[in-house]
Amino acid sequence: MSGCPYFEKKHLLYKNKPPKTEEDEDDSQAGVNKASRGGIIYGDYLQLDKILTAQVLQSELKANKIHDEHLFIVTHQAYELWFKQILFELDSVRDIFISGHVRDERNMLKVNTRIHRVVMIFRLLVDQFAVLETMTALDFFDFREYLSPASGFQSLQFRLLENKIGVPDNLRVPYNRRHYRDNFKGHDSEMLLSTEQEPTLLKLVEEWLERTPGLEVDGFNFWQRLEINIFDGLNQEKEKIEKMPDSEEKEELMAEMVKQRELFTSLFDEKRHDHLVSKGERRLSYKALQGALMIYFYREEPRFQVPFQLLTSLMDIDTLMTKWRYNHVCMVHRMIGSKAGTGGSSGYQYLRSTVSDRYKVFVDLFNLATFLVPRHWVPKLNPNIHTFLYTAECCDSSYCSSDDSD
Amino acid sequence: MSGCPYFEKKHLLYKNKPPKTEEDEDDSQAGVNKASRGGIIYGDYLQLDKILTAQVLQSELKANKIHDEHLFIVTHQAYELWFKQILFELDSVRDIFISGHVRDERNMLKVNTRIHRVVMIFRLLVDQFAVLETMTALDFFDFREYLSPASGFQSLQFRLLENKIGVPDNLRVPYNRRHYRDNFKGHDSEMLLSTEQEPTLLKLVEEWLERTPGLEVDGFNFWQRLEINIFDGLNQEKEKIEKMPDSEEKEELMAEMVKQRELFTSLFDEKRHDHLVSKGERRLSYKALQGALMIYFYREEPRFQVPFQLLTSLMDIDTLMTKWRYNHVCMVHRMIGSKAGTGGSSGYQYLRSTVSDRYKVFVDLFNLATFLVPRHWVPKLNPNIHTFLYTAECCDSSYCSSDDSD
Amino acid sequence: MSGCPYFEKKHLLYKNKPPKTEEDEDDSQAGVNKASRGGIIYGDYLQLDKILTAQVLQSELKANKIHDEHLFIVTHQAYELWFKQILFELDSVRDIFISGHVRDERNMLKVNTRIHRVVMIFRLLVDQFAVLETMTALDFFDFREYLSPASGFQSLQFRLLENKIGVPDNLRVPYNRRHYRDNFKGHDSEMLLSTEQEPTLLKLVEEWLERTPGLEVDGFNFWQRLEINIFDGLNQEKEKIEKMPDSEEKEELMAEMVKQRELFTSLFDEKRHDHLVSKGERRLSYKALQGALMIYFYREEPRFQVPFQLLTSLMDIDTLMTKWRYNHVCMVHRMIGSKAGTGGSSGYQYLRSTVSDRYKVFVDLFNLATFLVPRHWVPKLNPNIHTFLYTAECCDSSYCSSDDSD
Amino acid sequence: MSGCPYFEKKHLLYKNKPPKTEEDEDDSQAGVNKASRGGIIYGDYLQLDKILTAQVLQSELKANKIHDEHLFIVTHQAYELWFKQILFELDSVRDIFISGHVRDERNMLKVNTRIHRVVMIFRLLVDQFAVLETMTALDFFDFREYLSPASGFQSLQFRLLENKIGVPDNLRVPYNRRHYRDNFKGHDSEMLLSTEQEPTLLKLVEEWLERTPGLEVDGFNFWQRLEINIFDGLNQEKEKIEKMPDSEEKEELMAEMVKQRELFTSLFDEKRHDHLVSKGERRLSYKALQGALMIYFYREEPRFQVPFQLLTSLMDIDTLMTKWRYNHVCMVHRMIGSKAGTGGSSGYQYLRSTVSDRYKVFVDLFNLATFLVPRHWVPKLNPNIHTFLYTAECCDSSYCSSDDSD
């Protein structure tokens, strides 16, 4: 970046200790010498020789250079750069979960910060369409023939990203009756397949939610207490209503009451849950759902403050990804029209169909809003459970003694 | 971009005609065959093998991989990608001006659209800091030693960009008493020197403003008419005030009147203008300033609508560049502190000093706001000048017959 | 605004002349006196006594003050303030069209600037959701019962805005089987009805497009020339393909050719157009569509540069309104869930259905992208039509002599 | 908001319990009845009769209606609405601190969320200038005379906001040699004076930082341990350098070493700190500074994760407020020019001078970046202190038993 002074900071005095090796001393010395003799300069550091020579206009190759193709290329490259960064953050977060390091709650800051960073990047990517929209349909028409058959469907990174977050294969909208993986060959196709088989962020968050302290049946037993409280509450409300003189209002309230009872009956019905999961309408396990609701209700407990933020950020990612999809749709409409009336399912219509709750990975976190109850129905934490929550944070000794890994 | 259908459009039927050459027929045929046999795919088109392999963490090379360095690299690469796009747009606009094609007013749409695109890119770049700000000073500290002596001062593209727009060498703030060009060697240094000598966007806009129709002394003679009207107007105001009974208010008004007269006397004093230019407080020639003010006052004339938008966009660029600088300063403050109290002019303080009107290239366009007058003081366009303005738009035959160049 | 100095500017010397009246002289004098004696101060000017006392929390009235209700109120008030501004701009633009002032092309700058301003406001409103999203579903749950039955469906201004732009009554999605106007009573309901009957922005733009110079059958006759050129072009392409040796590729190209021919046959078929209009798939008249396409193809002609920008801004408004709707949907999903599985069409599902091309007023401008052709198929403008286009800009004398109206 | 369904939700069944009073039962019943009979509708809830009738154009009163004045009014009203929301959040956060409720760590989520909300609002306000910038200097000129002497300097809320955050009176830049409070009279002036005397957010955060666990001299004694570690570390580095053969590099490193030693000597010198405070270069007490640095270094400890986020958000507020000021300056430059050359300190120049670190309230949090050290210099937390940090979170019984207030 221009004139960025922190960039040239040379705290040669401060060495962050790399892991000890035999050659440690020498290496470090070498480092000092190299740095002082010149070290690395900006352009080399950023490999600008690669980055800034990667804009080859197909229209120019075909001896018909079209100015706006340059913008088209740079915009897509910027998207891919940021996709790489998102994948980097996602992988690091998944690693923390997979390795079990998240059991040391100190790692929650990292998880939270990195997921929040993904949110901020997606926010930028949503805005970035405004730049490409300075190109009109007419400008695009001048070079779009040269791109054939290159297609955004071929963006490996975006598909990896979807898979790693947890868009399930069976909920994807097919395009032209082809499986999305058919757009890729060889190594790329294998990478995609393996991300379908690796634990997704959704799966890892699910396992973490299942461990939420307080769910233990032989402990605080949150789920049973909640069920009792809710139905007690509903019964009391019902009694109140029954005492009212007959009126239209009373009938309405009773009808509403019946609905609420059905709603909550469904919440505590594990079979119904499993049925919804089988239809793709819910994604989290029954236990994980309980954990999420517990975090919602006790979000102000110190132990749950950061987990609550994490759940919020996960919804942000979902929301921003669908906004990204929607902005994409809007731009495509502008660039090539909807082809309404010419027959055949168009690319526009395909894209439109992906702006759907089917593609919302953490849809359950949104839908929990349906099951909120008044604060005084939420089971009280007694001093014991308070203490439990706090001291539980002290990780067991094996973690505490281990170094920060990353 | 993911699943972008317009990307794979293959209007093989429509060939935008490239300039005729002998091999034309064959080439075009070859093109069709190649495309149908496969053509180019997304990853190759965008050269993702270069773009996505250019992230090498210095900390990892030093066996102490720091997670956040990846973000640092990607962010700077994204900045450089967009700088390249800005330079591409700037060069194309400068070419249109240099070649004289702007005399064919049909090219004003291109000029305007491209300058507006630069505005939109800068808007994105200003927002982009929000992503890098997810890295804290502490995260940065962990790897900043490895960057030495790489420095944002070494961003060639940003310096080229400043030069091509028109930041003058003599108004630059020196850093550590060194000339900015000393950060560059060989070919890079020569490129910078040559951009200092080529016509800048400022210079080209200046020449274009000097040609504003209506300035001709033997024609509409805008400047003289304006001077007459203004001083007539001031005199009438003065008379009104003089007729008022003595009061504090009258005195205030008279004092204000004196100031206004001085202000406008200075406007019509070419020597004073040249003096301000020599001090760097004004940048445009006296004639160009007149042209700009003329466009301001008659902005609703069809002939001047697009030129007026252009002047507005040029101010946008200036504003956004200083906002970019200021956001940069804010981030640097956060990352390395101001080092207040440790002595020595810090990088932070240097950067802060560049957030200055000295770096506003089109500062005159802002300052013209000082010289606005009521609408009824603006010289009336008579039907003749109206006609003149419209027919003047018809480019002379040599341009009209020429092809669209780009 | 804090410390805003331009706010207190007192150019008492410069009087913008109000329309002459008998008391003119006196009034103006009075103005000066009043201003000097104090004039108006910031808080009174902005009527902050009204603006800043309008936040009454229902939860507080019910003796259970919930902190986040304040944000809820302020956010909605800010939306309504901006809706008012949008209506103000829309009305002024519609007035210019209705009064015929747009025939004086000098008014195009106003039209364009104001429509662009609406774009900028919508852009802000889309971003504004980020503030309300700092409230979680749980915070909202604490006070949402108190709001009953207040509903956003009752926002009069938003409905007016939709009507004035041109969302047609018959394409609206009904909510709970009720007509949207049933949410309003008395004067409000009448206002809505009258906006359904007044000329919409869509209608006014349509009439303006129908007047596009060059469409005259006894003049340049754009439409017929275009039809001839397109089918000539298609025939030439066909001949080329027929000469190719038999191959899979040849077959593909022939199939594509057939599709293209059908596509363009449909374009020049007025009956088909009227059929699409009757189904709501097209909105503009056949002639207006021709005008729009003409502006697209000749957008670089000085005469058409600003009209082309206008068409682009109209698409921006459509796009941003659907983005606004979509962001709204996303927030509602977060606040109350989708209620999937509880039966009954939910508010969420209703809102989702409004994020539809049915609500895109200027959908035809997007879909024209389907009918683009290579530049060399576009009918050439001969010097005559060039001249025609330019001189036509000179408004007729009756307008030229008239004052700037606003 | 248009068609917002969550708005009309009527969970009449769920009553959030208001504090018990004698009339409790009746009130609640009344509430139900009222709601069912109609309750409140959207327009009444938002008091739109006040909000939407508060736009009175001065230019219209003077019989010279200028279109753009409407935008000017609405924009400023939107700013004031949001200022009110910011004040509401600030006051609630200050109350939590003042009441001591923050000692119950459960309240940290509220504090953090509300401070983050202020950040999001400021982000919107920074962007909001883009809307007002659709008005040009020329449009503004047409009505600015009518505003006299209304001035943004008279925005009471903005001054309150500055005071409550902690902009100190003695660091304010005087405008036209007048004290800022002279712009206000009567009740407003008194309100300002009292906010100067009440505890500012800065002061409250300072007190909270001083209580950071681990600072106790007879406990973990962070500060002394840190001092020892740092100087040990510096000594070791020095020895390494001394062993190097003489060279230019060695000299550089020694010089750098001397600087670092001075820097850290200053850090541990309380007198020097107090001196910097007296000059306004530091704002926090010596002990609070220690607490902040402790939170920085141990940010990953569960106990400190949310406090660390809070410190980050406080810097965000500072940054966004200066960006807001800077954007304001840019707009003023555009609207009225800088008046360079006419003499007298202009409003533009005054505003420019407020974009200064003097107005950064939490400047110390930025400048701590100067005092970062390698991770292995940071004093290790032993298992005891770990346990201390976790159990300390369990608030004492008096708080635990108390209800959630707010």
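In this document, chain identifiers A, B, C and D correspond to the written order of the chains, with residue numbering beginning at 1 in each.
Keep in mind that, in the parts below, contacts are C-beta pairs under 8 Å (C-beta built on N, C-alpha and C of every residue); 3 or more make two chains touch, one makes a residue touch a chain.
For clarity, every value in this text was computed on a predicted model and none was experimentally measured.
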| item | value |
| --- | --- |
| Contact-graph distance - origin subunit A, target subunit D | 1 |
| Most distant chain from subunit D by Cα centroid | C |
| Whole-Å separation of chain centres (CA-atom averages), subunit C against subunit D | 37 |
| Gap in Å, rounded to a whole number, between the CA centres of subunit C and subunit A | 34 |
| Distance between chain centroids, defined by C-alpha means - subunit B, subunit C (Å) | 29 |
| Shared-contact residues (touching 2 or more other chains) in subunit C | 10, 12, 14-17, 142, 299, 335-336, 375 |
| Residues of subunit A that touch subunit B when the two form their complex | 1-12, 14-19, 21, 27, 31, 35, 38-48, 50-56, 58-59, 62-67, 70-71, 73-74, 76-82, 84-85, 88, 92, 113-114, 116-117, 120-121, 123-124, 127-128, 130-131, 134, 140, 142-145, 147-159, 175, 328, 332, 335-336, 346-348, 350-351, 354, 406 |
| Residue numbers on subunit D that touch subunit B, as the complex places them | 136-138, 141-142, 259, 262-263, 266, 276, 281, 296-297, 299, 312, 315, 319, 322-323, 326-327, 330, 333-342, 355, 357, 363, 366-372, 375 |
| Residue numbers on subunit A that touch subunit D, as the complex places them | 10, 12-17, 32-33, 36-37, 105-110, 112, 234, 237, 249, 252-253, 256-257, 260, 299-303, 305-306, 308, 373-376, 383, 386-387, 390-391, 393-394, 397, 400, 404 |
